[in-house]
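In order of appearance the chains are A, B, C and D, and numbering begins at 1 in each one.
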Amino acid sequence: MSKIKIGIIGAGRIGKIHADNMLRASKVEIVAISDLYAGDELQEWAEARGIATVTRDSEAILSDPDIDAVIICSSTDTHVPLIKRAAQQGKHIFCEKPISMDVRLTEEALEEVRKAGVQLQVGFNRRFDHNFKRVREHVRAGAIGEPQVVKITSRDPSPPPEEYIKVSGGIFIDMMIHDFDMARFLSGSEVEEVYAQGSVLVDPVFAEHGDVDTAIVSLRFENGAIGVIDCSRKAVYGYDQRAEVFGSKGAVSAANDFPSTAVLSTENGVWSDKPLHFFLERYNQAYIEETELFIDCLSNGKPVPVDGQDGRQAERIALAAKLSHQLRRPVKLTEIEELRKGV
Amino acid sequence: MSKIKIGIIGAGRIGKIHADNMLRASKVEIVAISDLYAGDELQEWAEARGIATVTRDSEAILSDPDIDAVIICSSTDTHVPLIKRAAQQGKHIFCEKPISMDVRLTEEALEEVRKAGVQLQVGFNRRFDHNFKRVREHVRAGAIGEPQVVKITSRDPSPPPEEYIKVSGGIFIDMMIHDFDMARFLSGSEVEEVYAQGSVLVDPVFAEHGDVDTAIVSLRFENGAIGVIDCSRKAVYGYDQRAEVFGSKGAVSAANDFPSTAVLSTENGVWSDKPLHFFLERYNQAYIEETELFIDCLSNGKPVPVDGQDGRQAERIALAAKLSHQLRRPVKLTEIEELRKGV
Amino acid sequence: MSKIKIGIIGAGRIGKIHADNMLRASKVEIVAISDLYAGDELQEWAEARGIATVTRDSEAILSDPDIDAVIICSSTDTHVPLIKRAAQQGKHIFCEKPISMDVRLTEEALEEVRKAGVQLQVGFNRRFDHNFKRVREHVRAGAIGEPQVVKITSRDPSPPPEEYIKVSGGIFIDMMIHDFDMARFLSGSEVEEVYAQGSVLVDPVFAEHGDVDTAIVSLRFENGAIGVIDCSRKAVYGYDQRAEVFGSKGAVSAANDFPSTAVLSTENGVWSDKPLHFFLERYNQAYIEETELFIDCLSNGKPVPVDGQDGRQAERIALAAKLSHQLRRPVKLTEIEELRKGV
Amino acid sequence: MSKIKIGIIGAGRIGKIHADNMLRASKVEIVAISDLYAGDELQEWAEARGIATVTRDSEAILSDPDIDAVIICSSTDTHVPLIKRAAQQGKHIFCEKPISMDVRLTEEALEEVRKAGVQLQVGFNRRFDHNFKRVREHVRAGAIGEPQVVKITSRDPSPPPEEYIKVSGGIFIDMMIHDFDMARFLSGSEVEEVYAQGSVLVDPVFAEHGDVDTAIVSLRFENGAIGVIDCSRKAVYGYDQRAEVFGSKGAVSAANDFPSTAVLSTENGVWSDKPLHFFLERYNQAYIEETELFIDCLSNGKPVPVDGQDGRQAERIALAAKLSHQLRRPVKLTEIEELRKGV
């Protein structure tokens, strides 16, 4: 079987991680990588991995007929044009989340993907996390009966720099989009309505950019279940990622992850490790698995595990949450098109 | 030092538990117990404990000049008149929660208590639970810095009978009033606004009585913190009572309680005990402690640890939650007087 | 049904605890308490509990024909004569562990008990601990198949005073006798051979009295299983009591006990409570249950749950362990009679 | 900096794992791999990794002047001659455990290594496990004061095939050698004396080959500490690897490892995942780290983290344990040379 030829667009941290993870798989050949700021360092990095082409021009990748699939890890504003172009060129696509910050643009991109008949996987890596995957398996197997309450906790160890905050799209889109996807994934149901509460408790810089740093979003699902996500930009003890689904026959929950099980007991108390520091440590294995599955699906002609509709739905929930916070009232997903005209 | 003489009004399960718990303290003498349905069984029960008077008439207790304090464990609708009468007779009062289902009546009762200069403790027993007390200690000591997010999970093992549901006042008042008090207790701040989502997922009988069986209530506190309580009438695995406070310097959380630490590992997985069944098992020691502290405060002229204002505030939050659920929008506590006119 | 009339011999801490625990049961009347140093304080203590007779002379209890059962909580050297005398007087007996420090004397006492046809319960309270009881239930139910390895950890928070060490009989008899009983209880098998290693690591005062403060005892059971107990006089973090039974179909283990489930996460790590301080806190409920069961068995003519043979066997294992440590070699229980001649 | 050139001897499972792990490091080039049964499959495997030479003759590697270091993963009986030859050729050596089953042969190999001035790392991979490493860090940092008791649990999910049992050297050498090394590693002290108890409880086939399948080994350390290791060839619930060090200022323990933190609560109890299946899953990351450190030490001229003396000492303890089990008495390490003459 011939190898799948991959081009990577965007050589930032996550682009390089995806590259290294895919190089572990024998079915893949990375033939090119592009980055707006490509230079000697990237050249060297690519050579050490046998990646032949390093370019500043993503079009060199998009128009290369030998390339089967592209991995889009460039900045969010470039995702939609890149997806469209890649689809038109008949390439399969793995795109980092979110597809865009504008649901209408996302829908345009998805339409192009649909027309081209290519596959599009969105980088909701947390679905491949060992803990959340196991929660989902229990739910799917019916172990908890009908899901009734979904709870997600999502806290970063420290806020991003102001430069990033400015362009991030805000906590509901930038950070919680992962959690909105997780809510759909764990419950197996669509979100119907959200109510978002936000506060600026960590750093006034968030207020300066019309953003919040702490939020609680209540959810109502189509199947009648309800849910809640609590989110903070700063947990001093480290990354905190937990979930729970409660149902008619039981509950399943996933605790946070820690670097070791070591417990120290002294006169002053019982002490254990802080959580794994941040997403690279926590989701290391999940990143590997999501790209492995992407490649595997392309190789075997199976549909990818997280597709464009998943990307779009999470964006719609995020938008509803943002509107709810602005309007200080619950917002239905069916309202968002109407509401956006006014805000 | 002479003993404090106690009369108990209402000889149901909780009245008897309070009696037995107080009999463990050497500073107390229970001189009378009244119950509408007092009969031979109660007579025998009282004799075994050296309680001299058993009566169907609570007034026999309220007008007895030898009695220093009354423990009100009768049905909720009797609380307000009994408190008023006890206060007028100069007796200290321990009253089960809620004081009433009508904040205005509660306020009338508190006014009487204030005028009489007696003490009134409300039976928010969970404040004395070993786990929640420890969470509060950490918060109070500043171990987590400024509280930012408060989370409470509250699930009963099975719903009450329909007869009870009818007159319960609904999940927000009957069940969640404990959780609203816990939110104030743990955060050390007042609740300002609530948004309540409810669903009927356990049993349609709740819908028949205009009630829900599953709820998520989002909270906004005066100090800017936000919070969320999730609540269910039926957790098949048993009673589930947890809390977490997240703040600027850390987080403190209390897991559920279990009858043993035994863990069984077999080919089929790792198995441990279900939680303690229900509130009598879980809060056994907390019930002891709340009455001990009540007696101790009376003996030493100290203010009781949970007073009438605590009772009133929890009722106001419960009412706001109920209104929020009806109106499907967030409700501020300052709105409730106005809103009640319309519903 | 008439109440069982109890006399308590020895009014130290544990005697008073047993008294208070039995007073909770309605089937019991404590009619007398004796103590060599009985004075005003004990008199007052007894009056508050309605105990009519306080005496310095245990014979006043032993010869009282109204007394059905005696609770022996006096010093270990008095146990054997008191048991013999109580048995001769036809009284049932609850005796604190150990029956004696000399297996031959213990056997004489048991012979007297046998002849009198009275019941004798030995105070191995840990068998009634919620955790260990649950471990035993799993083993008994066959959940782990055939037991193969038994592991017990037993650590005190701090060593006893030198005065006590001198007369304690040494760590193997004084402290580990509980663990030897636990090994038999959990495995459901008799111990056949032991090998004891001891060290003086906590305080040289133990060496001065021919004792050790830290020990590991390996066990071989009649059913082929093997086991190990590790023991220390001083765990600075508090009382540490754990057990594990590993078998052909799985393993069951009981972790230590803690005052709360609260967990504090900060920049410096994740902290939780130290264990319950010592045996009074840890075994509070087990003490209640062992006397309840004693009374219940007497009331219903059932055999007591821990009898004289259990007392004797634990003493034989302790003796074998002591000899093993002295001889620096494994010792079979069948050897102890022979070996004692030489040491 | 030029890359370190590596030759791998023995292309079984562990040889291939080491190869793949080293290929992740950019400082390494694997130039050759040898295996007695090398064929097309290995050829293909090597090509996919850019390993130029595949041979059946280890001498082709040992005599290649371009190779800096060899990784010895062939059968145990080949270790000593390969180490000697590699040392004579001036190559650094990474050798799987044990160096041999005969301490005298091991010592001969070490002497050759010493003379050649090359480095020898022994494959005690568990020292690099995230949990045990953290335990060691706490001990080394003095967090528990002076170590007093060391406890290790080591259980395999299922016994090896009979063919392997025959030549394994027995449980004390084959399986527990890792635990003996761990005892030295965690305590930071040498073992002075051991007492080993063994039983055949899993499968009579062990008895047929003079072996046991279940063992408890008590240890005495030079610094006065004592320890115990319990070991089983078959834990039906999966691999079980735990350790604890108890000392004058506290204790540190490492629990077992599990594939997820997911917990399922139902009417029938609370369930969580079985442990990680076996050593490949559990020590996956530890294998990576041990070879990374080996390469790093060679690159930077630092001494390797686990050397030949570590290999030799673990073998001496294993031998003492085997002798102790045969003689049914404690054995000092200083006795083994004398004792071996007689057995």
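As a convention for this text, a contact is a pair of C-beta atoms (placed from the backbone, for glycine too) under 8 Å apart; a residue touches a chain by one contact, two chains touch by 3 or more.
This structure is a prediction, so every number in the text was calculated from the model and none was measured.
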Original post:
Among the chains, which one keeps its Cα centre farthest from the Cα centre of chain C?
Top reply: A
**OP:** Tally the contacting C-beta pairs at the A-C interface and at the A-D interface, and name the larger one.
**Re:** A-D
**OP:** Could you give the separation in Å between the centres of chain A and chain D, each centre being the mean of its C-alpha atoms?
**Re:** 40
Subject >> Mean-CA-position distance for chain C and chain A (Å) >> reply: 58
Original post:
Among the residues of chain A, which are close enough to touch at least two other chains?
Top reply: 235-237, 249-251, 265-267, 273
**OP:** Going by the contact rule at the top, pick out the chain C residues touching chain D in the complex.
**Re:** 146, 148-149, 151, 153, 155, 195, 197-199, 201-202, 214-216, 218, 220, 224-228, 230, 232, 234-237, 240, 246, 248-251, 328-330
**OP:** Would you tell me which residues of chain A are touching chain C in their complex?
**Re:** 235-238, 258, 265-275
Original post:
Quick one: in the complex, what on chain B touches chain C?
Top reply: 26, 48, 130-131, 133-135, 138, 143-144, 249-257, 259-267, 273
